[in-house]
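In the two complexes that follow, chain A is the common piece, with chain B as its partner first and chain C second.
Moving on, here comes the complex of A and B:
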């Protein structure tokens, strides 16, 4: 089945930013991800959908090695970011995470000012040489996250004082401040109201022009709205992977069909 | 199926049944009872705290002020600097204690005997001569000019002036009562009045006599019991020698019994018939004051008394008019106070001459320990505490915090870290004296750190404080939400950067609170410091961490053990100072928590 999706000719037409082959993830004795192969094309939004506990978040966290922070988590298989195995000994996960940014389910700005939230990444990675450059980067990132207009007068107020949607966009600005190539989003809208969700979705659509975006979502409508690719996970396996329109209109697998029509999940 | 479920969930008899209502009531009662217990417990705790605070604070009253005896005099130059050199070395060697004594002798020329002189010198502190010396050394010109110098009163004089040993209270007497004076022998006179001028004091005295009589009767009863025992043995005795011995014992007890009974009867008679009561040391002191001269009553009845000179410069005239004399009573007997009648009347003289001055006891906060309570202060102990706490903080805070960061953020979870965790928790419960033993054998014995030094004390207390700091810091670090760590790691911060840029600043209020609580605990610690010799008598204020020093709680412990009554109030005041430090530290902890606490 997985091999079938691999051979989908439509997947090959763009550069693949990330290619994962035979990925297994286990928490202690439990196997959470079973032999998954996926390609993430550049400048495209790829959505991971599936019922709760199917392993889509776990799989997403493999791309920037966030699973390393969990003691009992073991990852095997081959995940390549532009032909470089990210689990290679020579790869520093710290460097990797600057290249593969991540936005989490709950907005988690640092309890610092808006400015410092965005400036933190460039500072620790030495991406800027002076204050003026840093100011420019912060402004550019906040603009990219469609937040500049709202916060330009309160850059030095705490980021935790913003509304939920603004906080999440601040987190996106913070993630893009390290100039990443890939943006991972783990259910970025699940803690937001519909208006904030719409704003973030609009933003994701813009971000697609510059980054490979991978988004995990529970909302089928959201996947359909923002993504060009969709991967459906079920019980730790990748069931189907392809064009969003195809997955939602004419899925190959009965389980996909059942899930998107709301029979289970 | 849903129907079945709902019927099964409804309690037997339904929600409205009597049984259900009774159950509900029982539940409410249980809740009310629990609340009442809680309120009782808190009230009890507050009452205990209030009692503690009151008992300590109320005792400090006499330590807050000190008395000075201010006298005008001139330092005879020939005693200090006979050649008029003005040389500090010469002046410094002079006998200022002798000069002080001369000044006192000049003030009370009536004190002539050796015993009286010694009592006179005891009304000012031993240390006051050093203050006089310091004054002269500072300003040698003082030698050639009249001085108005304040001598520190001795501890007993100070306590007397504060009323701890009672005071002489003038008694009411009938109007226009002149005294007729007859000299019985040298320094002893009989005074007689037309009116019952001494009656005011007699009521208390006769009560005292009856009490004494009662005590004598009880003793007589004991003698009677003893006599009876020997009487019985006499009956049972077999041989003649034994019998004679028992008879002797029984007779002796009978005689003693009769004597005691007779004494008791005499006392009762005196008290009821208004006969002359002779006064002794265990009775209130009754005096007649004539100007600056004091006469003590040796025997008293309604209108007549035998008086002896206590402190008298002038001869007593044949008659004292009503305005000439006053009758005063100090109801605290001489035997119950550390100050003699003579010293007391001298102080009364000084007081009425305006030579007694009361000042705030700043000395207590600006001087070190002393054997003399009136000179003792807590500055040395406070500075010793400061150095000790400094060493403790410098060692315990970084080590504790870094250990906590390592254990929480970096260490793998395995059997070893579990073992370490258990051991840290156990260390927090180890009695502090054990740390003292460790300090004694390791720091003093093995490393040779000087005894009694804040360095040794600080290291020992740091060991004791470490577990507290580590536990508090770990809890504070654990309380930082993982989302912050994810956020930092997610944008490529290393583990170290995550810990020090994000986790530690957020955990810092909790860490500081724990540290301050631990430090407060260390500040109040006595036992381990006694083990490493910080209990020594040290007068100097320590200038560094290797000087001999003592600390506040040890100072309290030492003073509480001393017999001088004036130390009682000073101990209480030292406790207050210690408590003030502790309260300040806890307030700082609360402030830091409130100020820097962040909520998510």
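Moving on, here comes the complex of A and C:
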């Protein structure tokens, strides 16, 4: 007989894809992230939640060294992607970002065709040998981003001509085109309408089968819907991290409870 | 966990109104039980009729509460303790409605008993009824004060009601065996006793809900129960 309990995917054991220990991030004199330890399991969606300015996006951007682009930003501590320190001098940030893809708040397709948006990464990273292979990669990525059906007849039209939700899924297709291991999403639905949001959420649930996904979201409902793990940040500290079902039904920390129930002052 | 007010104050008003509705239902259920017992004690048919009327009010309150809880869940998307307050409110409302039904049933039997000859047994029933009513009243207080300690204590003490029921059962059966003219009246009394025993069980369900609201966990299912009723007395 089928077991009719709620599916609790976090109970399955997953290897950690990223391990962060004692991470501090500062902008000049301001300490934005204070001594955070967190593990990001593979093939799992981890949500970072917390009030504005709590450091969740800053922390997310450490995972693919996006903070390197900000002069006054200093990151210390240890962040490992499969046992490799990503802040090691040997690591090429461009190669790292191919392994740790990112999707941003506002869809930002290149001013190129739908096809070229997806083909760009595989081309510059030399992941394909010929046009036929590239065609296959583009199709596979657009399918993985649940966009293929809608764009297969307009591959050579500009990506910027798609609707907002389609553009965001195009950005997801572009991110998965470099065969990453981790996908970082910084409020991927905040510029989308509810239907496009639902489509992206459905997609996130599918992406989980292949990637470790980390999503920063202002919508607690979204964190509850899409993630299996949730980490709550407040004032630069990681307050509580655990199974999403626990965080949203019976959190251990008073601050977490106050935030998720809408009582935060 | 102590909780402060919500940023959206209308949410607080919703939760307060729902908990006030539970208290209103609880007060009505208590009143029904106490009047039903009074009707048995004083053989007062008018009082029994009050209880039957009050049951309609209790049903109406339950529907109001369900509507309020549904609206709050749909509009506020409650989380954590807020969600537990609402889930518990729905469950407690159903439980109180059942307690009302059982009290109504006791009142109907009181109307029958009022026309029968007075027996000493009625006072045993009233004693058991007082015990049941005091548990109900305590659990409703524990709901308002969110006292898991008191809720747990009532939950553990339900065994007292079970024991009273078993003692009463034996007593009534003995009477019926001694005098077969007592069978009609005795059966009515047994039903009253059984109803009180059920009210005791429902009271423990409310205690479990209080515990769930505060702790986010279930109280467990190892509640002490009275000895299973032995029917050897009939042999």
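Odds and ends about this structure:
Simple rule for what comes next: the second predicted complex is superposed on the first by the 251 of 265 C-alpha atoms of A that agree within 3 Å, B and C clash if a C-alpha of one lies under 4 Å from a C-alpha of the other, contacts with A are read in each partner's own complex, and residues count from 1 in each chain.
Here is the rule we go by: a residue touches a chain if its C-beta (ideal position, glycine included) is under 8 Å from a C-beta of that chain, and two chains touch if they have at least 3 such contacts.
Because the structure is a prediction, the values reported are computed rather than measured.
Applying the stated contact rule after C-alpha superposition, one finds that A:113 touches neither chain B nor chain C. After superposition on the shared chain, chain A has more residues touched by B, the comparison being chain B against chain C.
Of the two partner chains placed around the shared chain by superposition, neither chain B nor chain C is touched by A:46. Of the two partner chains, chain B is the only one that A:125 touches; chain C does not reach it. Contacts of A:249 after superposition on the shared chain: chain C is touched, whereas chain B is not. Legend: residue contacts after superposition of the two complexes on their common chain; A:221 is shown touching chain C, with no touch to chain B.
After overlaying the two complexes on the shared chain, residue contacts for A:261 are found with chain C alone; chain B is out of touch.
Those residues of chain A that touch chain C in the complex are listed here as 220-221, 224, 248-251, 254, 257-258, 260-265.
Of all residues in chain C, only 1-8, 11, 76-84, 216-217 touch chain A in the complex they form.
Only residues 64, 66, 69, 71, 94-98, 101-104, 106, 108-111, 120-121, 124-125, 160, 171, 174-175, 177-178 of chain A touch chain B when the two sit together in their complex.
Listing the residues of chain B that touch chain A in their complex gives 412-413, 481, 483-494, 497, 501-502, 506, 598, 600.
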